[in-house]
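Chain IDs A, B and C follow the sequence of writing; residue 1 opens each chain.
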Amino acid sequence: MRYLPLTDHDRKEMMETIGIRTIEELFKDVPDKALLKKPVDLPVGQSEIEVEAHLKHLAGKNLSPSTAPCFLGAGIYRHHIPAAVDYLIQRGEFLTSYTPYQPEVSQGTLQSLFEFQTQVALLTGMEVANASMYDGATACAEATLMAGRVTKRKKFILSGGLHPHYRDVTETMARFLGAETITPDPDINGQEDLLSRVDDETACVVVQNPSFFGNLQDFNALADHCHSQGALLVAVVTEIVSLGAITAPGDMGADIVAAEGQSLGNAMSFGGPTVGLLAARNEYVRQLPGRLSGQTVDADNRRGFALTLSTREQHIRREKATSNICTNSGLCALAFTIHLTMLGEEGFTKLAYLNHANAVVLADQIDSLKHAEVLNTNFFNEFTVRLSKPADGVVNALVEKGILAGIPVSRLYPSLSETENLMLVAVTETNTKQDFNAFIDHLKRALA
Amino acid sequence: MSEIKFSKDHEWILIEGNTGTVGISNYAQEQLGDVVFVELPEAGKALTKGAEAAVVESVKAASEVYTPVGGTVTEANAALSDDPSKVNSDPMGDGWFFKISITDTSELDDLLDEAAYETYVKELD
Amino acid sequence: MNNQTATITGHRGLDHNEPLIFELDTPGQSGVDLPAPPDVNSRMGSHARNKPVGLPGISEPRVVRHYHRLSRMNYSIDGGFYPLGSCTMKYNPRINEKLARLPGLGDLHPLQPEKTVQGALELMHSCADWLMTLTGMPGIALSPGAGAQGELVGLMAIRSALEARGNPRKLVLVPESAHGTNPASAHACGYAVRSIPDDERGRVDFEAFQNALDEDVAALMLTNPSTCGLFENDIIRIADALHEAGAFFYCDGANFNAMVGRVRPGDLGIDTMHLNLHKTFSTPHGGGGPGSGPVVFSEALMPFAPLPAIEIKDGQFQLIEHIQDSGDSPFGRVKGFHGQFGMFVRAVAYMLSLGSDGLRQVSSDAVLNANYLLSQLDDVLHLPFEGPCMHEVLFDDRSLKDTGVTTLDIAKALLDEGFHPMTIYFPLVVHGAMLMEPTETESKKTLDSYIKALRGLIEQSHAGQSEKMHNAPQLTPRRRLDETAAARHPILRWNPKTEKTAE
């Protein structure tokens, strides 16, 4: 057993030192009927050779987006991660370190988090950001609870353009705290009226930009109206690369921004782990959940960093904490910050534009087909296509040809007839001309 | 004629007629360590005796501060938001938390006078 | 600075003073090359960004150097012994990292058609199977993002079950020794917290528990072994009392390393328990996550488990993502997509590597190592509760009385000795707590080295060397940081307008 350094000789010696004859003596407090006398009924331990073979076998049963033209989005995106990112996050000092509770030996983590917090604030146009949440959906939920604490109100209005998972997670969390969520119909065309729903009982309105359906919107007027009613505007971003090309939520009057950072630094990994981003105005910093890395000096007056404002958190405030969150998404946040650091201003804005340009190429090609229509006027790198047949069947037909063509909206909105023929298509810098040709060719045939 | 009294939770109240100024004792600030933040009640807030009035935070702890007497908050010490360290350096003076207009002065009767409080604190250690 | 040779650069040998990325900005530079975009008309309209983001530009070699240098300022399990109580800092096997990155596992999109991800669903199902077998529980939700979220899920299922009976009740019993996430999770579930004391044995006071158990109590949240490192002897009695009162039993599974392969919590009468894959099941801590907190359920609570679920139908694995497709009453969804799949891969690789025999040896060695520490330190450190302990041992600071040296000072002095300190000041039930969990992946030699260092520091404390302890650490990348200033005047981001601070 390669992970167990104790030898039988060690064990014997240690037991003698302790003054016991059998290991069972150390388990004397366990009720006898609950103490298993032999190993549970599971396979015995295996070598790396066997474990690897088994997992490769499981991997082989899946269609890998690395080898297939992939146009899947809906909150998780296939992007190119520069090779250096994965090597750096696998350095043992990053991979196998703990939460930086002893700052003197954790400056690597603390400084990179400080840089991460700054980057998130810059991207979103906000003043302060935390050191990550589990994912975008829980960040969204926590943002509404935060708005509830700030405004002392219990009603959250969730746009019909919000990702259904984000809507569901927010609704679940709110319900257990006795808060009310208002969930208008899906906003396929980006024309919903949220303004008239805001009143003096509203804690916040949650909007997503680009929306779940790919629409781009300006929220200045909505933000102003919310503020006039004493409510906050929460903006959600599921494709963080979009912020390299479109107006930041902070520049549209958002008070809190909740986002998914997976697109930078993090493989899709079947949807987890990813990294939630949470940013806000300075005046709300004490209501922010999660960890915060703060700048300070050490006893030699050298600049250093430490976790701070910890009295917001569960280990000190317990039931009065801003959240129960403890472990967050440290290594994924590190991957995010390394990737974004490599891109820099030039690279990030270029990457965003490239995503958009590729998406326009495909959208134009789709629009020129019979039986398919792109619904969005404006979009970033994802749009909604209306097909002449149920999207589910079309997607399956293209999968048979080895193409991951898009996501049927019915996968996330199963009960709505008006979404049956709709398909979400995402395009990134990883899609090539050959991908587009294959997509169009096979889509034509599937729709004929 | 002003008078100072203490609660067993280490709050002090300086009584001048029907107004009380409330803060935390020297013992309390010593136990807390460096104060980093104080959350104060808003003027106009009505409090009953023993209710949570404020929260005082150090790096590693947050403690509730309870009002020793019922009434309405008239003023909170705005200086503490810029300089919470006053709670440590001058807990009985500049480090005051809030002023309260006292509804029922008989609620002061069960508080300790200075000498009694000092005895009480000695016994805690 | 003591015993520091001044250098011209401020660097010291292999230890480099590394600025912030914002201080390394070369405008226009990038570490990533990209192909030229196709020539198109923009479809972003008036929503296109009209001002810069403000990110620094740095070449790839300089970025790599930056993070390389930062990493060298971190202590890690790879670097040394990390005896943090209740964190289970065991070795993170590298084969797990390799397998999590396999094409066909690490690169899957969560919303690919089900038939294209049967291997992934099979892996999740297998993970669920192993965890249910090890815990002896019939139901599971894999989705929670970490332990704290797992706690919340367990409580949400309990509340849902009680609501289905007509009365959610009002409060949750939480021992005073509990981890802070417990009361925080109770609050997030809409429950008030009633604290129950420990007794002089370091376990829940059974009489106090019984007195606190009334018809307003929805559940007890109990960590077993307790946060004092001790097995709750009364646990079956506690379970019975809860069930008789119509309440449920939530078990905090953070300390499962003491029991894995040897005790099944299901046999102890629990209703739900979260597991920390980043503790017991070796997935890496990553400087603060990601974790993964699957939750197991009893028969009574299974119907309420959150979405998604995995089922097998006609030999095919299916994801149940919507309430209408579930035959049960899931209380909702707590996370986007399907859970921390990358951590399932690692945990499955770990469980396959160890197997049922290896996992049983894990708890044996973990408990043996902790008791070895106990036996080698209990003459110089005060043991508040009689042993034997389980996988971790708790001391308090009574033996340091009158030395002027605190638990904090000892922890900082250990840093200079090359060790990450134990958990300090938790649990709150003893004064100046020192909670040590060696784990099973440490050798006797390492334990002896730690014991020697700790004994030496305690001796120095008694020999009047408190000054040295107060000044520790001296040899780490930074000395003690001014956390008061950090909290009084929070600087939470770099700002171009801020003055350059002292280096």
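Going forward, a residue touches a chain if its C-beta (ideal position, glycine included) is under 8 Å from a C-beta of that chain, and two chains touch if they have at least 3 such contacts.
Keep in mind that what you see is a predicted model, and the values were worked out from it rather than measured.
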{"item": "A-B against A-C, pair bridged by the larger set of C-beta contacts", "value": "A-C"}
{"item": "Chain whose Cα centroid lies nearest the overall Cα centroid", "value": "C"}
{"item": "Inter-centroid spacing, chain C versus chain B (mean Cα positions, whole Å)", "value": "38"}
{"item": "Separation of chain A from chain B, taking each centre as the mean of its C-alpha atoms, in whole Å", "value": "45"}
{"item": "Whole-Å gap between the CA centroids of chain A and chain C", "value": "20"}
{"item": "In chain C, residues with contacts to at least two other chains", "value": "483, 486-487"}
{"item": "Residue numbers of chain B (touch at least two other chains)", "value": "36-37, 57-60"}
{"item": "Multi-partner residues of chain A (each touching 2 or more other chains)", "value": "310-311, 316-317, 320"}
{"item": "Sites on chain C touched by chain B in the complex", "value": "425, 483-484, 486-488"}
{"item": "List of chain A residues in touch with chain B within their complex", "value": "286, 310-311, 316-317, 320"}
{"item": "Touching residues (chain side chain B, partner chain A) in the complex", "value": "36-37, 57-62"}
